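Below, subunit A partners subunit B and then partners subunit C, in two separate complexes.
For the complex of A and B:
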């Protein structure tokens, strides 16, 4: 989230699209209720189903799964053609005025530079025109036909209310009513917040779904404001933290990135990531990349990382490609992966296309499952009849199942979606012989390292020399690791303004990432977490005081970065440093420095009227928010509507070109492509979802939730049920081109048929929580049905929009 | 004494996560003391966070046993933390039944091994399991580690063994996981954020 949970209460308008917080995030949803009750906020819910969030909305609009960009593009068209934008914000804080290269274009679904054979773009035209001074050219009048504002207007002019209605199935009048409510937040003293979750990410256009809303929020001046922002609710308790510490194929902690083959040495690597300002005087915060990187290398390799060995640069792997889950399962399916470790991750159920996952896991030599609970992944070789039709005798995989402790049995921190790091404490021992995750990791690594020290082997140095400053070598403690990712000084750190003064003594914990250096005098394992564990554990703070009344609770736990509660809060002020809305002032310029109830997201002593002007998006080299995404994403600088890879429509109504029917830059492996179904055989749109009573595949092992939702079901609308002669509660078969499930039908009014491109389209809802293990009645894993194709940028699978057929079984 | 519950806890915990309040012999005030008499006097309280969704509601866990050396704590109840600024004491149906996750009959208690072709688990020791996993990993790495690519650039990567990290494990576990497996040159590393 750019903002945080309690901040929702400050909003005037709340748009929930791509999420269902009343059911999936119930205790966070209370802040929506609070905004409605005390701030007269209007709640708009846009979803393929009438959810419990929709039940308390002021307006609910049902749309076809996978058509969010069509809807949001229409909203942009409305805002631009009715001039319902926050003009001063758009002019000063976005790239609306920037001039785009003359040869950038968009034509019939494709942006310039498309390579059809490689299914990717050459993005060299997707950039700004640069002047002779090396800076991007701008036209502050916004009149130049090549400026972002004009290109944006042109791009979305196609998204008329009629087109929106025809693609999404929403009625034109209800769409326009939503537009009006959203437009009401253009004035500087009104804000809208956007709440979304996996309903936006699990699409082949997932990243662009979110970008579309971010653009709307920029047009309305809602980013950086209390009660504004673009807020990812996120699915799991520490999905934010695991991403922050970078446990992803291509990331290092703190959103640093793993070297690629082209980054042949550390200088090349750093040069490509140390972003120079694109406008005069911009902070372009990534200019500090070398400080973050060298400090990370010092945390990991200590004395073995020196200037002479490029800070142990070669101890890191270089990627030939990103090994995302879909790629790894494809490789595993081809027999190119030998071993796999699943640490608390039920991948058989979580990756798309279960039949493929089963075959892939069966080709492993060994699988190690570390989990507190029985998972289907650990017993993938077990024959569970129709639910898991395998022959164990034919599966040669060695499987290890290691019991781990759960949250209640360890100390540590979790980062919630509002970026708060909250410390928790052990309250019991793990059951039986189970060990905590840290113990399991420590003991396993200790063994591998010892083997390398004794026997040698392939490039042992990075393991043998890995810094290991833990009191008990086989069991690093949570506190020791927290101190390490926060970081400490390896030498006395002088004050940059007065070298005779020492700011941090050697060996002391750092207090801010501003203290990090690129000369090896600091170590910090995750720069954005610097400040979380100083001379005390700030994540454990429990002061509930909220002096501003805006819900910031600045002394409760610790929020990254720098305990800042609202990102880009500099943008909550006008270009002279005065809050746009004094009633929700987060920061302001007092003539000497930036002050306020939140930690300013700007250099604290830099006046708003300096060379750069007030440019609050300090992570961007242009200093402003991007309406035009330039070359940052793989699939275009402007979000465009593409059909899901499995769509009930044979063709994208917006484009004639076949290749631009679906996202032309999304990757799909040949076998996965062959497994896609056609709209003739699988005519119904389908989407997966969660229920209030269950959490993913865990709570089916907990007694009360297993009693509350004991049995698998699928949800179909009354009209479809009638057409098929299906009665409520009857068992039905749901098929996709990859497999089938049998479950009870729940016939509801919550999903009505939609008129799309002149046809009637039905949607089938598939809750995900059952499997062949658990205290619930055994059920099918829902990913038996889902397609293995992911978002063009981050490869999140398209679980939220695919196609199925539905059959009556005949026996109740 | 007339302290708020939070002041009281702050006073008694002095920065440590949990304490046996009963042992201290006094409580914030009469009313609170009466209502919570059994729970506070007979149990140990520990602060924690609901591990399910990303609201991260604060919870208080009640355990039987007093943290003395040989006593094994058993959790008997988990409820919302009334001081928590986001959930303010409330929990949803999932969080309200957390105790059933902690004490689930499907919690794993011993390391187990399933041999190739077998249709049953067998119980093994930690030593045996970890020794064997370490051996399998090292042998595979030694065999398949790529030091240089075709163009002769040092790439130092290991692509044939992968890892998936939990989305409910702590930052510290995630950080250590990353540090360890990246030091091996592992590239096929991901977490639930991707799906």
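For the complex of A and C:
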């Protein structure tokens, strides 16, 4: 979230698209209720299904799965052609005025530089034109035909209300009604918040779905404002923490990145990431990258990381490619993976294409499952009849099950969607022989390191020299780790303004990442968490005081970065430093410094843009928000509608070129491509989702949620049911080209047939929660149906849009 | 059950006068349907607090689960899809359970002394140790709430957490509701809140929004805010009232008739005995096995 949960109450308009918070985030949804009750907020829900969120919405619009960009592109067209944007914000705080290179172009679904054989773009033309001073050229009048504003207008002029309706299936008048409500937040004193979740990410255009909304919010001046922003509602209680500490194959903690093979030495690595300003006077905060990186290396390898050995750069793996979940399972399927450690992840159910996952896991030599529950992954070898038709005799994978405790059985912090690190204490001991994850990993590491120390090996140094300063080596405590993430001084740190004074004494905890250095005098395991554990554990704070009334509660827990509650809050003020909306003031310039109820997202003593020229998007080299994404993403500087890889339409109505029907930059493996179905055999659009009563595949192991939602079902509209002669509660078979499931039918008015490109398209809704383990009635894993293809940028699988066929079964 | 006998205002099938030294303010639960997201947290809380676990059932083609109220499911969410002329598709989610009538049909119909009581705060509670499992409370209820235990045959329903309320806590469902669709307090306050909600709903175009506090049962201690007004849309009776049969059954006339019938049977038996004499066991045909 750019903002945070309680901030939703400050919104005037709430758009829920790509999410279903009433069902997936019922506790957080209370802030939507607050906004409606106390702020007269209007709630708009745009979704392939009429959800429980839609049940309390002011307006609901049904769209076909995978057509969000068509809808949002249409909204942008509406805002631009009706001049419903916040002009001063767009001019001062976005790259609308920047001039793009003359050879950048977009033609029939492809941006310039496409390499069809490699399915990727040469992005060298997707950049700004630079002046002789090295800075990007701008046209503040926004009239230059090559400026971002004009290119943007042109790009989305194709997304007329008629086109939007024809692609998405939304009725034109419904769409225009939504546009009108969204446009009502262009004035400086009105804001809209966007709430989204996996309904946007689990697409081959997932990243661009989110970007499209970010662009709308920039056009409306809603980024940085209380009650505004683009807000990811994370799917697990600590999944924000997972990404923050970099538990992804290409990330290091604090959104630093794992080196690539091309990064031959530490200087090459750092130079590519130490971004210089693209406009005069901009902060370009990533210029501090070396300080964060060196401090991380010092936290990991302590005395073994020195300037002379490039801060132990050698010890880091160098990526030849990204090892995302789809790649790993592809390699496993090819028999190229020997062992797999699966911790807190029911991968058999959570990676797409279950049949492939089964074959892949069966080719492993060993599988280690660390989990509190008997997951389907841990018993993937078990024959469960049609639900898991395997022959255990033919599977040689050795499975080790290490029972772990659950979140309530250990101390630690959970980082919520709003970036709050909230410390909690264990409520009980893990049962039986179960150990906490920390103990399991601690012991595992200890034994592996002993082996390396004893037997050597190809490259023992990274293991043997790893700093391990914990009181009990086999059992690091959550507190010790939290202190390490925060970081400490390895030498006395002098005050930069007065070198005779010491700011932090050697050995003391740091209080802000501003104290980090690149000379080896500081260590910090995750720079964005610096400040969370100073001389005391700030994550454990529980003061409810909220002087501003905006829900900031600055002394409740701790929010990264720097306890800032609303990101980009410098943009909540006009260029002279006055809040756009004084009733929602987060920060302001008082003539000497930035002050206010929130921690300013700006250099605290730097005058505002009108005086200093420094714009508030300080992480970007441009200093402003990007309407034109430049070369940051793999699949284009502007979001464009591409059909899902499995679509009920044979071709993208917007493009003639076949390669631009689906996302041309999305990667798909040959076997996975062969497993895609055609619209003739699988004519219905399908989507998967969660229900309130369950949390993924966990709660089916608990009695009460099992009672509340006991048996697998699939939702189909009344029209399709009538066509197929299916009645409520009857068993139906749902097939994709990859497999089939059998479930009861919920026949509903809440999924209506849509008219898309002149045809009638039905949508089938498939909840995910059942499996062959647990207390609920046994059911099929929903990923039996889903395709193995991911987002072009981050490879999140396309669980939200694929195609199926449906048939009625005999009497149950 | 935590409320003391001191607080009992009415008691089924009993003539004794209620104690009146202590008075409680009347309480109520407010169910604001316009805020309800059907998350079933109230169902979970009800199970947790009352230590009840129903069967892991089946799905019947709706989101309702358990599908019905049972002896172990004292509240259930019901989901109704309605296509309304002025509002289009609506998914109406109704939390079902006892309404705690001011004039409770169950209590009136109950023939077992003290099996149903009404406390002075308005809560209607079943005292299962006195229940004879006759089923009359179900007939007496205008809302089809009481359910019978599969093994013990006794009647069960929502207690409005009388054990919690008796010690100053809110009912478990209220405490857990994430969107404040449920509130609890004095009946007066709940009606005030409900009326304030109507103002907001009308501003959003719900012109027919109304509060459901049916007068046919003297008002209830569970009141609803119904955004679309018409109770029938929410499958609630427009005119809730106790079946006239219950009145008849518990009336002086029925009692007199019953007493007269019993007396006539005794009198008739007496004359039969006088005329025919006692049964002669030897004159009966031998039973099988004798």
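Just so we're on the same page, the second predicted complex is superposed on the first by the 806 of 812 C-alpha atoms of A that agree within 3 Å, B and C clash if a C-alpha of one lies under 4 Å from a C-alpha of the other, contacts with A are read in each partner's own complex, and residues count from 1 in each chain.
Following the convention adopted for this analysis, contacts are C-beta pairs under 8 Å (C-beta built on N, C-alpha and C of every residue); 3 or more make two chains touch, one makes a residue touch a chain.
Worth saying up front: this structure is predicted, and the values here are computed from it rather than measured.
Asks: Scan A:451 for contacts with subunit B and subunit C and give back first, second, both or neither.
Replies: first
Asks: If we overlay the two complexes on their shared chain A, which of subunit B and subunit C does A:338 touch? Say first, second, both or neither.
Replies: In the superposition, A:338 contacts subunit B only.
Asks: Of the partners subunit B and subunit C, which touch A:708 in the superposed model: first, second, both, neither?
Replies: both
Asks: Counting only touches as set out at the top, which of subunit B and subunit C does A:30 meet: first, second, both, neither?
Replies: A:30: touches subunit B and subunit C.
Asks: After lining up the shared chain so the two structures overlap, which partner does A:692 touch, if you call subunit B first and subunit C second: first, second, both or neither?
Replies: So A:692 meets both subunit B and subunit C here.
Asks: In the overlay, answer first, second, both or neither for which of subunit B and subunit C A:775 touches.
Replies: Both subunit B and subunit C are touched by A:775.
Asks: Taking the superposition as given, does A:556 touch the first partner, subunit B, the second, subunit C, both, or neither?
Replies: After superposing on A, A:556 lies in contact with subunit B but is clear of subunit C.
Asks: Does subunit C touch more residues of subunit A than subunit B does, or is it the other way round?
Replies: Comparing touch counts on subunit A for subunit B and subunit C gives B.
Asks: For A:371, is the partner it touches subunit B (first), subunit C (second), both, or none of the two (neither)?
Replies: In the superposition, A:371 contacts subunit B only.
Asks: Where does A:54 make contact in the superposed view: on subunit B (first), on subunit C (second), on both, or on neither?
Replies: In the superposition, A:54 touches subunit C alone.
Asks: With the touch criterion stated at the top, can you tell me which subunit A residues are shared between the subunit B interface and the subunit C interface?
Replies: On subunit A, the residues that contact subunit B in one structure and subunit C in the other are 26-27, 30, 692-693, 703-705, 708, 775.
Asks: Mind pulling up the subunit C residues that touch subunit A in the complex?
Replies: Touch residues, subunit C against subunit A: 34-41, 43-44, 47-48, 53-63, 65-66, 81, 83, 89-93, 178-180, 200, 203-204.
Asks: Using the touch rule from the top, collect the residues of subunit A that touch subunit C in their complex.
Replies: Going through subunit A, the ones touching subunit C are 22-23, 26-27, 29-30, 33, 36-37, 40, 50, 52-56, 58, 60, 691-693, 703-713, 727-730, 744-750, 752, 775-777.
Asks: Sort out for me which residues of subunit B touch subunit A in the complex.
Replies: Contact set of subunit B toward subunit A: 6, 10, 15, 17-18, 44, 46-58, 61, 63, 72-75, 78, 80, 83, 85-88, 90-98, 100-102, 104-119, 121, 126, 129-138, 140-142, 144-145, 147, 149, 151, 153-180, 182-195.
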